[in-house]
Amino acid sequence: MLTIDHLKKHFGSVKAVDDVSLDIKEGEIVSIIGTNGAGKTTLVNLISGYLRPDSGQILFLDKDITHASPYVRIQMGVGRSFQLIQLFGGITVLDNVRTALFSKYGMIKRGLLSADRYSSITEEAIKILDNFNISDKKGLTPKGLSEGDLKILDIAIAFALKSKLLLLDEPTSGVATSDKFKVMDSIVSAIKKEGISTLIIEHDMDIVSGYSDRVIVMHEGRVMAEGKPEDIMENKEVKATVFGIVS
Amino acid sequence: MWIIYTLNGLYFAALLFLISLGLNIILGVMGILNLAHGSLYAIGAFIAAWIIIAIGAKIPPFFLYITLLSGFVLTGIVGLIMEKSLIRFMYKRTLEYQLLLTFGALMLLEDVIKMIWGGQAYYASAPFDLLGKADIFGHVYPTYFLFVMIIALIAGLLIWLFMSKTKLGIMLRAISLDREMATGIGLDINRLSTFAFVLGSALAGLAGALVVPTTPALLGFGHEPLILGFIVVVVGGLGSLKGALVGALLVGFTRSFGIAIFPEIELPLLFLIAGIILVVKPEGLFGR
Amino acid sequence: MGLKNKPNYLRWIVYLILFIALLFIPRILSIHDLMLFEYGLTFAIVGLGFNLLLGYTGLLSFGHGAYFAAGAYSVAMIAKYLPQAYSIEIVIPAALFFSLILSIIFGFVCVRHTKIFFSILALSLSMLLFALLFKLYHITGGSDGLRVPLPTMFGFSFKGIRRPEFLSGTYYYFLLAMFAISFVVMKGIVSSPFGKALQAIRDNEVRAELIGIRVRRYRLYAFCISGMFVGLGGALWTFVNGHVTADLSHWVFSGEIVYMTLLGGFGIFEGPIVGAMIFTYLKLYAMGHTEYWMFVIGATLIVLVLLLPSGVAGAFSTLWRRTIKGN
């Protein structure tokens, strides 16, 4: 579904993404791990359209989106979450998701009937919140949510846009360590229910290993290793450079 | 007549430059648009007129011109009081509150002017009359207008030197470029903001003091200069000193030629030109 | 639907009771107080419109006097130049139309910006209208303004009737009906999908764009709707006031609109209505008791900004929530 071919992005002498090729299949959950500065976030920015590559190609659903605007990519179904949460802080959790749904269905021009009257949208929004285990907080504004719930809501909005591919940039950063697995459980179970292809960016192998079909290790802009989580854990090169374990 | 129009344009520009320079310094360093800026200008005018009326006849002519500086100094002090008692509580507040606070200050100051100086007009034309007329390429032109241009030029040069050469000026510029970074490197934002507000107020007061020998000070004296100052700031670009200069020249010339050619729609014409510039270049001529 | 329904019903029942109470106002208040109340009602409509932009879209205009003036001058100009068409069922749509046109033109320039730049631009453009109204005095009456006679209403003429009688009779109920319609329509707008989209833009412009909302276009829609409500308020105000001047487009008047909205509280739907009422009485009271009324309302504003940032209605609502949840 997503194919990246020899993608390159340099910032001056820094090779942020250097000749990276990878592909993600329908319904697959792939994690990219690597130390800070390995080029993970740059890669996500290239896929979502915030940055343009120096060379290489990005194919999504067999269409070339290398130079498409972020807006077009969203329309096609590339959704993303942010390392720094981007939410609508003054409206309720339910309205955060509902607004995304209204927009997705081209209904935001409807200006006279209360949003509550569109009960099918409300039901769908509640179903999404249910999937992410935060429907009990639907009446609160984001100010009343924990860091973990904020992360989940951020992803739920991307999810509501019917993304076919979700890019999750450090979904558990800022979340208390004890909650990280709970947050990942909520996110991954919702994604799996819908069979959405997902690319997760993380620097912590422990968090992603249980949830990924495949792990890609990046180092200094390049793909260093790729494989099933359990194989990556045993890879000596990866252990030495990424986990800092010398055996 | 073109020479006269040009000189008039330069004279308007000189005054507007002082007003918008003050607005711009406050806006750049503090991020606050001071709606009471026009009232500070009016206070400068009233103070200068008051002093000239009281002691003007008893002092040598040279000192008469020094008294015009009282507008600069005393309005600066009014600015200091205003900053210490009101503005400083607003740094962390949102735009709505900052604007409304200065709006409240405007209403307050207008009535304070009314309480102190009453409703009558204050004439203080001695500095204007004493300088007489100059002959410029066969045209008679008031020398006082030339004096105002020179003062504005000197003030502009001093501010430029101050902003680019002194440590204090460079710190102020650092804040207007990147507030967070400036905090990060340990600048005392509060004290620098106070300074910027005082300097901005003083410049408004200076402009008011310079005008009062030509036009009597009246209630509501600062309304039009404030709006023209806004146009200069918007056209020139927020927080840019170069923009203030170019904007002031543009507005000054538009006014002077507008008054001469289309007297009835001189002001609308000005807005029209400003509007066109903003549609073409939304951030202003020198905006960031 | 489910859960959210019950409190909503209650809310509308309270609104209905208040509306019925308002029907009896002319029997309670003296002519003078009733006129004051009508000023308050027109400003309440203005406040509702203004707050769509400030409270719900996050844009602070310091130039909404322009749309008020557009509505008011539509009425006054028709009265002067098209007297045969001077009936309320023509001038009100005309006022809506001209304030819409003006909002589209000015809004197009303004919505390219946000925050302080938006505020200054809105202010400057309103001053453009002010300058035109002021300078073209042989058409607009300049600073003397134009007198506004009593209109005909649905074929009924008020010749020979004095303004106070007009205002305490038919016109009060007409005004109240316009207020009620404005209230219901605006309530619909802010709770509709469109209203949610505006709030999303207010809260996070970047993410709003990312969920597919065309931010600038929606800001313009909000600007125009807001301008039309303010224009309607302006038109209705002229009949009460009987006279329009260029000052309506002056930024100081726009400042008063901002003041009212903040006084009531822009975070609450009903806030601007409360603010408009209090402001009308406050200003009149101050003007009646001291020459230095600007000092009084200026000082009130400063105290308000420093101590009561969520406005009167905001403070009450916080207090209410604390009492029912707390203890």
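Note that the chains are named A, B and C in the order they appear, and that numbering of residues resets to 1 at the start of each chain.
Criterion: a contact is a pair of C-beta atoms (placed from the backbone, for glycine too) under 8 Å apart; a residue touches a chain by one contact, two chains touch by 3 or more.
Bear in mind that the values here come from a model prediction, so they are computed numbers and not experimental data.
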Other chains in touch with both chain A and chain B
C
Judged by C-alpha centres, the chain sitting nearest the middle of the protein is C
In terms of mean CA position, the chain most removed from chain B is A
What is the distance, in whole Å, between the centres of chain A and chain B, each centre taken as the mean of its C-alpha atoms?
52
Counting in whole Å, what is the centre-to-centre distance of chain B and chain C, each centre being its mean C-alpha position?
33
So, what's the distance in Å between the C-alpha centres of chain C and chain A?
44
Residues of chain A that contact two or more other chains, please.
none
Residues of chain B touching chain C in the complex
27, 31, 33, 35, 86, 89-90, 93, 95-97, 99-101, 103-108, 110-112, 114-115, 223, 227, 230-231, 233-234, 238, 264-265, 267-268, 271-272, 274-275, 278-279, 282
Residues of chain A defined as touching chain C within the complex:
70-71, 74-75, 86-91, 95-96, 98-100, 102-104, 107-119, 122, 157, 161
Along chain C, where are the residues that touch chain B in the complex?
54, 60, 62, 109, 112-113, 115-117, 119-121, 123-125, 127-128, 131-132, 134-136, 251-252, 255, 258-259, 262, 266, 291-295, 297-302, 305-306, 309
Which of the residues in chain C end up touching chain A in this complex?
1, 4-5, 8, 185, 188-189, 191-197, 199-200, 202-204, 206-213, 218
